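What follows is chain A paired twice: with chain B in the first complex and chain C in the second.
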Partner chain A sequence: MELRSYIVRRLLLLIPVLFGVTLFIFGVTMLFSPTQRATLYVRDPRQLADLPAVIELYHLDAPFVVQYGSWVSQVVTGNLGWSRIVSMPVWEAIWHYLPASLELAIFATPVIILAGIALGTTAAAHKDKPADHITRVLAIFGWSLPTFWFGLLLLMIFYGLFRGFLPPGRLSVQMDILVGASDFIRYTHINTLDAILNLNGPVLLDAIRHLILPVITLSVVQVAFIMRLMRSSMLEALGKGYILTAKAKGLDQRVVVNRHARRNALIPVITVSGYLFAALANGVVITETIFNFKGMGWWAWQAAVNLDIPAVLGFALFNACLFVLVNLVVDILYTRVDPRVRLGQGIQ
Partner chain B sequence: MSKRFSKMGWIVLVALLCLALVALPACTTPPAEQEEEEEEEISIPFKNPNEFIEMTIGGPECLDPAWGYDTASGQQTTLIYQTLVWWDGTSSNVKPVLCTDYELLPDGVTYRFTIREGVKFHDGGDLTPEDVEYSFERTLVQDRAGGPVWMLDEELLGVYDSADAGFAAIDAAIEVDGGDVLITLADPAWAIPFLQVAAGPWCSIVDKEWCVANGEWDGTEATWMDFHNPESGTSYLWDEANGTGPWMLEEWDPGNQVKLLRFDDYWGDPAPFERVITQQVDEWTTRKLAFLAGDVDCVYVPLTYIDEMDGIDDVQLIKDLPNLTFDAFFMTFDLDPTSDYIGSGQLDGEGIPTDFFSDIDVRKGMNYAFDWVTYLADGLSGEGEQRGSPVIQGLTYFNPNAKMYSKDLDKAAEHFQAAWGGEVWTKGFKFTLLYNSGNIARKTACSILAENLVKINPLFQVQLQPADWGTVMVPNLVTYKMPMFQIGWMADYPDPDNFVYPFMHSTGTFSHFQGYNNPEVDALIEAGKLELDPVAREAIYLELQDWYYDDAPGIALCQPFARRYFTKYISGFYYNPMNPVYPGPLWDMSKSES
Partner chain C sequence: MTDFKFLARQLLRNPLSLMGIVLIVIFAFVAIFAPLIAPPPEGHLNPYLIPHEGYSVTPRPPSEEHIFGTTQGQYDIFYGVIWGTRSAFQVGLIVIGVVLLAGIILGSLAGYFGGLVDEVIMRITDIFLAFPGLILAMAIVTGLGPSLRSVMIALASVSWPAYARLIRGDILQVREEDFIEASRGLGASNLRVIVRHALPNAIYPTLVMASLDIGAIVLAAAALSFLGLGAPEGYADWGQLTSFARNWIVGPPGNPLKYWYAVTIPGLFILLFVLGWNLLGDAFRDILDPRLARR
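Presenting the complex of A and B:
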């Protein structure tokens, strides 16, 4: 199938997906009474008496169809509503918190993928030998680590014990002041990228310093999954007939593994990598909270626990779009890695 | 397997092993050794000499002084904007700020404020009497549902919603007279409370020209209803600010931080800090580490963790600060029969009837069953004192010798034996107590009551249930389904009326939701609100304090104390319970390494 028509078809499928997701979430939130949903607007017990006025003001007691219809009519005009929990429009909140999550995803994903591939290949190549056992044990250990505990441990050691060596947050106070100055242009709000674009070394180093601990925390937990996937995929690839043929022909072991086996073993890893990046870009609430690296995860969590329904719906919309796009990119990459695969037609 | 390829894998493997080796010792340190480590001297380094940095939980809802009713919004508004008057140091009197003088005219209802000259707004505009007039009128015009403007509505217009008074009344309440502004009260009784309210962040003075130029209300009758009771975020001042305060808004990053920058054209003494940065960090460990690393100057410490901050030399702890806050346990007089928390709904040992707490002996029994000593020690870590009524220490007419209940299980038994003709004692009761999940103090209060009740009579069964405030407690509270509930009140202004009304009047914010309705108490409260004679007023509030004890509409829990944690480099803090601005009066504080 032609690439362009395939992309268009996949993007058009986004519409029913978004409709279904938002309808479902809206329906679930309507299970809460108007009074429960009004508590989002009533932060202080002193305001309890004004609940009826709040319900009336925000039409919280209108029928489901009316409320959903009103929301949809606003969305099609670009208005995703107001996120009460962060005091800004929902679209602005997405734009505001996405850079932090993207920055984490951009740095963590390659670390996770490369480490996972390396470890998985090592384990497969040394199957049932000490290297394989050690790798698998470490993988389980990493996978089992509670993110909350591990992140705090790293913080206590590298920030507490070593007196601020690797601090939480996105930037130090002085660098944050510098970034806020008029001569520093925030092109993307991704601090590392903006520092490069502004040719500012100190900001870049400071931003990287603040990324180290959250990236390590995310990587140690996630690398185990990639490692296990890569190991089993490599073992399958190494057991194929063409590998035996390649060895019989006298090809170097490195060539056999890198050019023949690993390329095919990467296919499932590519699939997972896409989802991994999307998941990280969506936000990782625990890591963001511990390291004060507030991104989409923190915002979505706050929205959920406070019944900030417009924010929940906006996040769902973003989430759905992101995963559809990631799926599309992964499908296209598939065809590059495995020439047998044709878009929309499977393996030919 | 190629050496090159395996080398990469081994490198990663070794790196993971190193990480594990680093992590494991921290996991296996015995408790005794950990305690020894905690006793070691911790030196907090001196950093960021020009900034005052606070790390706390929660952030402002908005920066619009007419909208914000939460503490975090008020904190920022107080630094960016100013009011006509403000508290004079630690005294209970106010002093002129944006006025040079004020007086109450002989009619007893009109204040004349002489507006200070030479004051600049942050955008360069000059403060004029018209700005003052506009600021008060704008606040009354906006008057959003659930906001703080009801105080001005009551005192200037005699209503609770400015829409009921109309624009003509709003306009007439504030007038410009040359270089003065005249503010007319609805009743002479508001003469003193008005000055207290006028010192609140909701009476901040804004720049009329700047507001109108940016789409805010233009000051005319024709458009005022367009700006009345707006939805969230529609005000230009929501996230933009232009005040006369010593700091101006540099950046507000919602959820992350607020940065304020020194205003160089400030009319008063220069601000001591170039920047004031308030960072929002939800995780306690992160805040603590930042504080001990010297990256912040002031940190919010939840009660649960105050022990972790003990014994650190470089930490400056200021404690036992009397908050103008009062907590009480309310008993609902007329429960909704569909409540899930009253069991069978009958006095049969499996529930309680809907009017269970309408019996005075039940209420007194509950009071005698409560143990304040344990509550204050375990629930508040000693950070509070018992009070007998909502008229607490720091308010005028507080009676330190007011009658208070104390734990007495025998007296409790006597009252329960008399309750409902003896049926309570013989049949017993069962109901569910809800408390805010994660709130140690409220859980402790519920536990104490439940445990003591069963000691008094094994048939007295109280089940405890943690609940989310927004989704469970509020809907049940406002529909009279909670047999008992705990709520605290923080002063809007330091007048006893601001406390007795919500706790004791039949239409009070909280007493309304418990269904407490005592016409004699209502009459006393209404009389006290408008009484001009201090002697007569004192008598009323002394009597109301006795009423709370005698009628026992609830269990008066405590007046909590506040704490502040600063590094040793911060000085100049002082506390005024009349307006406990958090973290402190930064304009009078300083930071120095020596």
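Presenting the complex of A and C:
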């Protein structure tokens, strides 16, 4: 009962936020004059004379509220407009490019979490010893790393120096043809998963070869972040009374660290999953751009550079909705993991 | 003042923060003396535009004339990174200044008055915080038209809500203290209470941490410029210089690292600049966090 009413209340609170998000997004498009927005519908310079007619047709000079109302009613029915650069509706483009980005995120998340937790635990267990100092310096380095530059360096070494060992893109040309053939069934459009489902070894290997560098690039900064968080959380847990008790019982140091302290130290790490989602969404734009990995981030970049406004805004709106939902789920999960936290408290 | 001395001694004793301070001082020096280190050629109107000779596409390796080599389009990398230091400081300082101002005003209004004012301001921050930051910044830049000014506006709009919330929390903590009550009892106006009594006692740590976020702001700005959404072509900007190298990651067969200078040098400047601020920030966090105080 408590949980359900909490979820309902949180969902109701989402309404003003999403209203504000749409208002803001639409406000951004309204920075353009009616004529500028009308030219988005025109393909040929000879049609420029028709601009007033286009403005008339789509009511581009109507008051803000009227235009916003008609836009929202379109968005609610799932019509986010037309993405000029890929010549398909924005909504379709999102579904078209989502699997590639999802694939990157699916591989990066465990890397980030496992590496972050392992390094953070080590640092805390060896506080003020060399292992702690080294991981700390590495974390500050990782945190300061321009990922776009790091990706280029990786390509220079593993694609240039090692003669195409780890290439950019999603699949090599031959494999792309193989995947497009009729006997290769695209269940999910996630290459690695489809390769496994089709029992196709070469495609799987090729897909993994193309994933290694982007996944490293996407993970490196977040590993640094999770590691620092885990370190301070572990230090706090290690200072608790029950740790002293466990040590006094004569338990092995490793058991105390790994079983008693780490479990409790993990709780704050769960709360940042929302942050992690945002970091991945941001990172995907840069990573996919560098590696020419054609997912949502790559599409959004192309759209931004070519001023394909509906695509950029549709992408932003989609990410905002997803982010808000992820945060809701995280808050609910938090109460499950840590019974000390009650619903509606310690949140926001 | 003793507080400050204590802080300074702590920072100078720690080798990591000392390194951070040294890096920042070097960069500040480079920014201030840019006209002497990399003098613009005579008759060059805007020193922020990198001079280039000809339009040859292929980057040229370091030589006596161009000690860091040139990018595609023959932009001098040395000139670009030196003046790029100036643009980095400009972007960082302006954005942090605007963000802090907005954060202090809105955060203290929300924290001090509470009630409806608080509710409205916090719901507005909710809206901005509902986006992954870089994606919102990208949407704003696209809406405003790509330029360095748009990048600064976008980064400021993305960053202020977090500061407004932090400062609101700080103010909430001191709001019920006796000295606030006392000054109100003496008939001080709300403005006077906030500016003279609440703020100075509340925001000192937040201010310090915020000013060290310059590194993060510059990193985000460089990312947007790298994506082609920032500075116009040829403007001295580290992100853009890095993006020039995108087509030259791999050299010709037999010499795959031929264009290493175009790829590595501008990014190295970004890394060191951000590193300087983060080293300092990390040390500050330790000093300011009582839970992690060394026993």
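Simple rule for what comes next: the second predicted complex is superposed on the first by the 278 of 348 C-alpha atoms of A that agree within 3 Å, B and C clash if a C-alpha of one lies under 4 Å from a C-alpha of the other, contacts with A are read in each partner's own complex, and residues count from 1 in each chain.
The rule is short, and it goes like this: a residue touches a chain if its C-beta (ideal position, glycine included) is under 8 Å from a C-beta of that chain, and two chains touch if they have at least 3 such contacts.
Nothing here was measured: the structure is a model prediction, and the numbers come from that model.
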{"item": "Which of chain B and chain C A:V21 touches, first, second, both or neither", "value": "second"}
{"item": "Contacts of A:I309 with chain B and chain C, given as first, second, both or neither", "value": "second"}
{"item": "Which of chain B and chain C A:L235 touches, first, second, both or neither", "value": "second"}
{"item": "Partner chain(s) touched by A:L12 [first = chain B, second = chain C, both, neither]", "value": "neither"}
{"item": "Partner chain in contact with A:V76 - chain B first, chain C second, else both or neither", "value": "neither"}
{"item": "Contacts of A:P45 with chain B and chain C, given as first, second, both or neither", "value": "first"}
{"item": "Contacts of A:V137 with chain B and chain C, given as first, second, both or neither", "value": "second"}
{"item": "Residues of chain A touched, compared between chain B and chain C (which is higher)", "value": "B"}
{"item": "Chain B versus chain C as contact partner of A:A248, first or second or both or neither", "value": "neither"}
{"item": "Chain B versus chain C as contact partner of A:Y159, first or second or both or neither", "value": "both"}
{"item": "Footprint overlap on chain A, where chain B in one structure and chain C in the other make contact", "value": "32, 141, 150, 152-153, 155-156, 159-160, 163, 289-290, 307"}
{"item": "Residues on chain A engaged by chain B in the complex (per definition of touch)", "value": "32-33, 35-36, 39-51, 53-54, 57-58, 82, 84, 86-89, 96-97, 115, 118-119, 121-123, 125-126, 131, 134-135, 138, 141-142, 150, 152-153, 155-157, 159-160, 163-164, 167-169, 172-174, 176-177, 180, 216, 220, 252-254, 257-258, 289-292, 294, 298-299, 302, 306-307"}
{"item": "Chain C contact footprint on chain A (complex, rising order)", "value": "16-18, 20-21, 24-25, 28-29, 31-32, 136-137, 140-141, 143-150, 152-153, 155-156, 159-161, 163, 232, 235-236, 277-279, 281-282, 285-286, 289-290, 300-301, 303-305, 307, 309, 312-313, 315-316, 319-320, 323-324"}
{"item": "Parts of chain C lying in touch with chain A, wherever the complex brings them together", "value": "16, 123-124, 126-128, 130-136, 138-144, 146, 215, 219, 222-223, 226-229, 239, 242-243, 245-246, 249-251, 256-257, 260, 263-264, 266-267, 270-271, 274-275, 277-279, 282, 289, 291-292"}
{"item": "Touch list for chain B against partner chain A, complex", "value": "1-2, 4-6, 8-13, 16-17, 19-20, 22-23, 26-27, 45, 47-48, 51, 53, 60-62, 69-70, 145-147, 229, 231-233, 238-239, 250-251, 253-256, 259, 275, 277, 279, 281-283, 285-286, 289-290, 292-295, 469-471, 474-475, 477-479, 487-489, 492, 502, 509-510, 512-513"}
